[in-house]
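Okay, so chain A shows up in both of these, paired with chain B first and chain C after.
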Partner chain A sequence: MHGLRLAFNYLRIGVLNEFQYRANFYIQILQTFIALATGLIGLNLVFSQTDQLGGWSKPELLAVMGVFITMGGVIRSAIQPNMERLMEEIREGKLDFALTKPADAQLLVSVREFRFWQTVDVITGMVVMGVALAQMNWLISGWSALGFFTAIAMGAVMIYCFWLMITTTAFWFVRVHEIANLFEGLYAAGRWPIDIYPNWLRIGLTFLVPVAFAVTVPAEALTGRLTFQTWIGAFVLTIVLFTIARTIWKIGLRSYSGASA
Partner chain B sequence: MKRYFDYYRATMKLSVLEQLQYPVANYFYMIGMIAEPVIYMVVWSAVARQQGGMVGGYTPGAFAAYYIVWTLVRNMNIVFTPYGWEWRIREGQLSMSLLRPIHPLHGDVAYFAGWKVVVILLWLPLAFILSLIFKPELDPTLLQGVVFFFAIWMAYLIRTMILSLLGMVTFWTTRVSALFELYFAAELILSGRLVPLSLMPDWVQKLAWFFPFRWAFGFPIEALVGNLSTSDLFTGLGMQLAWILFGVISVSLIWKIAIRRFSAVGG
Partner chain C sequence: MPSVISITKLAKHYQVPEREAGLKAAAMGLIKRRYKTVKAVDEISFEIQPGEVVGFLGPNGAGKTTTLKMLSGLLHPTSGSTSVLGFEPAKRSHDFLRQITLVMGNRNQLSWDLPALDSFDLQRAIYSIPMDEFKRTRDEFIELLELKELVQKPIRNLSLGERMKMEIVGALLHKPKILFLDEPTLGLDVTMQKRIRTFVAEYNKRYDATVLLTSHYMADVEALCKRVVVIHHGKLLFDGDLSALVEKFSAFKTVGFTINSASVDWSQYGEVISTDGARMVLRVPKEKTSAITTRLLNDLAVEDLTVEAAPIEDVIESVFAVKEEAVE
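Take a look at the complex of A and B:
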C-alpha cells in the first residue's frame, strides 16, 4: 500500500513537471503522427502486393500495430526513462541518494520518472486498435478481451524486467548506454507478428527480448488466436522473469560502491 | 591544397584511432541498426514467397542482397547530425571552431570519413554472418563494383551537405526538432530505406527522382544489386555529383549569411 502511494506521488510529480513544457506536447503529437503515418505506409505497401502475411490479414496486422504503438508509449513513458536515469546514477555514483531512502530500492528506482506526453502514443495505439477491431466487425469475445488486458499487463512487466536486468549489468560494466539503442532496434521487430520471423530470431524475440509477449501475444488475444497454453506460458514467464530480475538487482546492489555523493 | 590534404589526413587518422578504442560500443550500435533491415528483409521475403517467389522484380535472395548492402550504405550515411548542429549552435560550441583558420565543415567531413574506415572494417564480419543466414543473390560486374565504391562515398558527401544545411536552420530558430523529424520521415520513404523504390507506386518513384534522398541511399544499393544499365549507372553518378555541387554551393552561401547571425550563448 505504501509502495502504491509512493508510486502515485512520483507519477503526480512527473505529470506536473511535464506540464511546464507544453510545447513538447505538440512536438510529441507530431512525432506520433509521423510514426503512425510511416507505419501505415509500410503496412499499405505490403498489402498492395499481397492480401495476407503469415496468415494475418490487414485489419489483424493493424491491431498488431496498435498494440505495438501503445506498448511503445508505455515503455517510453514509464520504463525507459527510469532505467536510463538508473544507468546514469550508477555510472556517476549518485545512486546513494536513492538507496538511503526508507523504501524498497527496486520500487523506488522504477517509479521516479514519468514522461506524461508519451502517453499520446498509448492513446494513439488504442485508437488504432479500435479501428482495427471495427474493421473486424468487433468480433471479440469477453474471454479474448480479458486475455488482451492481462496479456498486455504481463507484457509490460516482462519488458520492465528485461530493462531492469540489462540496466543492472551497469553495476559491473558501467558503459551500457548503447543498450537503449539496441533495444529500440529489436523492439521495432514487434511491428510484425512474431511468427513471420525465422526460428532463431523468433526464439530470441520471445525469450531474450520479450517482444513476442509484449506485442504479439496481446494482439493474438485481440484477433482471437490466443490459446490458453500461451496465456499460461506468459503468466509463468512473467513470474520467472520477475524473480530473476529481482535477484540480479539484489546481487548487483551488493557490488555497488558509491563513487561520489 | 597541401594544407587541406594534411588536415584531412590528420583528422581522419585521429578519428580512426579514437573509434578503434570503442569496438564494443561501435558493434552494439551496428547491431541495433541491423535489426531494422533484417525486419524489412524478413517481411518482404515472406511477401515474395507468398506471391510465388517474386515481388516487384525481387526474389527473397534479391531482397537479402538489397538489405545486406543496405546496412553498409546506411553506415556510410551516418554523418554529423542536425541535432549536433543544434547543440553546437545553441551551446555556443561553434565559437571555438570559428577561431580556426579553416571552415568547420572540413572537420566534420574528415572526422566522419575516418570513422567510415573503421565502420567498413567492423561491417565485414557482420555482412559475412548475414550472408550465411539469408543467402543473398549477388553477382555484380566489375563496373557495378567500381560504381558502387564511388557511389557510397558520394552518398556520404550528399548526406553530409544536406544534413548540414538542415542543421544550419538552427542559426535562425532553436525549435528545430519538428523540422528534423519531418525530414527523416520523408527520407525514410523516398530514399529506398523502407523498401526498394521499385516497390513504390509509380508517382512516388517519379517524385523520388527530384529529391536528394534516393541518390544518397537507394542508388548506391541498386548500383550493386540491381540491373541498372551502364547509362543508368552513369546518370546516377551524375545526379550524385550534381547534388554534391548543389550542397557545397548552398552550404557556403548560407554559411556566409548565417555566421553573421551567430552570437555565442556560451562555449
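Take a look at the complex of A and C:
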C-alpha cells in the first residue's frame, strides 16, 4: 500500500517535471510519427512482395507493430529512465539518499523517474492495435483479451527484471552505460514476430533478452494464437526472473555497503 | 540517561586496487591486481547522549564521512559494533530510518526542476507523515528559515545557500531524532552559515534532537557544539569539551601589547603575528608564556598587555598536523 502511494507520488512528480518542458512533447510527437511512418512503410514493402510472413498476415503484423510501439513507450517512460538514474547514482555514489529512506530500496529506485511524454508512444501503439483489430473484424475472444492484458503486464515486468539485473552489475563494473544502446538494438528485433528469426536468435530473444515475451506473446494473444502453455511459460518465467533480479539486487546492495568485505 | 549513539571499536577497512602510473602497469593490472587495505576508520569508540550536539572533526580523509555512513546504515562496519537508538544501523530497519536523517552539504536530493513544495510532498509520502502534522512542520521550518518567497520557485533558480536551506527542510520534515550533518554549510557565505547554524540549534532545542555535525568552519562548531570528537587517520584523537581541546592541543598563546620604541629584536621573545602602529601581537610557546610576559614587562616599557588562547583555527591546524605514527 505504502509502495503504491509512493509510486503514485513519484508519477505525479514525473508528470509535473515534464510539464516544465513543453518542447519535449512536440519532439516526442515528431519522433513517434517518424517511427510510425517508417514502420508502416517497411510493412507495406514486405507485403508488396508477399501476403504472408512466417504465417502472419498483414493486419496481424500491424498488431505486432502496435504492441512493439506501446511496449517501447512503457520501457522508455517508466523502466529505462529509472535504471539509467540508478546506474548514474551508483557510479557517482549518490545512491545514499535512496538508501536512507524507510522504504524498500528496490521499489524506490524503480519508481523515481517517469517520462510522461513517452506515453505518446503508448497511446499511438494502442491506436495501431485498434486499427489492426478492426482490419481483423474485431475477432477477439474474451479469453484472448484477458491473455493480452496479462501478457503485456508480464512482458513489462520481464523487461524490467532484465534491466534491473544488468543495471545492478554497476555495483561491480562501474561503467555499464553502453547497455542502453545494446538493449535498444535488441529490442528493435521485436518489431517482427520472433518466429521469423533463425532458432539461435529466437532463443536469445526469448530467454536472454525477453523481447519475445514483451512483444510477440501479447501480439499472439491479440491474433488468437496464444496457447495456454505459452501463457503458463510466461507466468513462470516472470516469477523466476523477478526472483533472480531481486536476489542480484540484494547481493549488489550488500557489496555497495561493503557487507561482504 | 542511556546514550542514543554508541559505537565500540568501530572499524571500516577498504580494499583498494593499487598500481603504478602508466600504461604498462595498467595492462598488468588487468591480469593481476594488487590490493592495499586502507583503514578508513580504525577502532574508534564513543557515546552520545540524547539531545547532545557533537562536532565531529578531522581533516579530509580522516574517516568522518565513513563513520557517518556506518551510523546511518549505508555501510557495514568491518568490525566493531554500532548502536543508534537501540538499532543496528546496517540492518536498515524502517523504524530506524524513520528516526534519522543524513544531510550532505555537497549533494542534493530535491528535484532540480520543481519547486521545493512538490519535493516536500514526496518526502511526506516516503515517510508516511500525516497531512496536518506535515503541514504544520513544513510551515514552521519555512518560517524559521525565511523561505516563504522561495518555496514556489524551481530549485534550479535558487542560490546555493537557499538550496541548502531547502535541503535541510526536506531532510527534517519527518522530525528525525538523530541528525547526521556532513558539512551542511559547505561553500556558503557567512550570513547563510549563521542562519543554518541558528536553525540547527533551534531544531535541537525544540525537538530535543541529537546532532552529529562535521564542518570545516570552526565557527559552526564553536556556535553549536559544546563537545567535539576529533578523528585523524581513522583513529580517535580527542573526545571532550571544545575548551579542553584548545587547552590540550594549542602549543601557543598570543601576547598583545602596546610599545613605543620600535627597534627591538622580537625574535628573542616570540614570533610576530602582526604590528599595527604601536600595537604588537606575538605568538609564544604556551609553556613559556609567563616567563616571556615577565621579561617583556621588565625589559621594555610595554602597556596594555593581554594574553589570549590561540584561535580555534590554529588549534585545529596543529591537531591536524599530527603525524600518523603519533596517533596513539
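Going forward, the second predicted complex is superposed on the first by the 256 of 261 C-alpha atoms of A that agree within 3 Å, B and C clash if a C-alpha of one lies under 4 Å from a C-alpha of the other, contacts with A are read in each partner's own complex, and residues count from 1 in each chain.
Everything below uses one rule, namely that a contact is a pair of C-beta atoms (placed from the backbone, for glycine too) under 8 Å apart; a residue touches a chain by one contact, two chains touch by 3 or more.
These numbers come from a predicted model, not from an experiment.
Partners chain B and chain C fit side by side in the overlay (superposition on chain A). Contacts of A:Met165 after superposition: neither chain B nor chain C is touched.
Here the vertex is the CA centre of chain A, and the angle it makes with the centres of chain B and chain C is 90 degrees, a multiple of 10.
By the touch criterion defined above, A:Ile140 reaches neither chain B nor chain C. Of the two partner chains, neither chain B nor chain C is touched by A:Leu11. When the two complexes are overlaid on their common chain A, residue A:Val131 makes contact with neither chain B nor chain C. Once the two complexes are overlaid on the shared chain, A:Ser257 sits against chain C while remaining clear of chain B. Annotation for chain A, partner touching more residues between chain B and chain C: B.
When both complexes are overlaid on chain A, the residue A:Ile196 reaches chain B alone and has no touch with chain C.
By the touch criterion defined above, A:Pro102 reaches chain C but does not reach chain B.
Note on the superposed arrangement: chain B and chain C approach each other to a least C-alpha distance of 10 Å. Shared contact residues of chain A, touching chain B in one structure and chain C in the other, are absent. Here chain A touches chain B in the complex through residues 23, 27, 30-31, 34, 37-38, 41-42, 45-46, 48-50, 52-54, 175, 177-179, 181-186, 188-189, 191-192, 196-198, 201, going by the rule given at the top. Put simply, chain A touches chain C in their complex at residues 2, 5-6, 8-10, 12-13, 16-17, 20-21, 94, 96-97, 99-103, 105, 108, 254, 257-259, 261.
Here chain B touches chain A in the complex through residues 25, 28-29, 31-36, 38-39, 42-44, 46-47, 50-51, 55-56, 133, 175, 177-178, 181-182, 185, 188-189, 194-195, 199-201, going by the rule given at the top. Only residues 12-15, 69, 72-76, 78, 90, 92, 94-95, 97-98, 100-102, 104, 107, 109, 111, 113-114, 118-119, 121-122, 125-128, 154 of chain C touch chain A when the two sit together in their complex.
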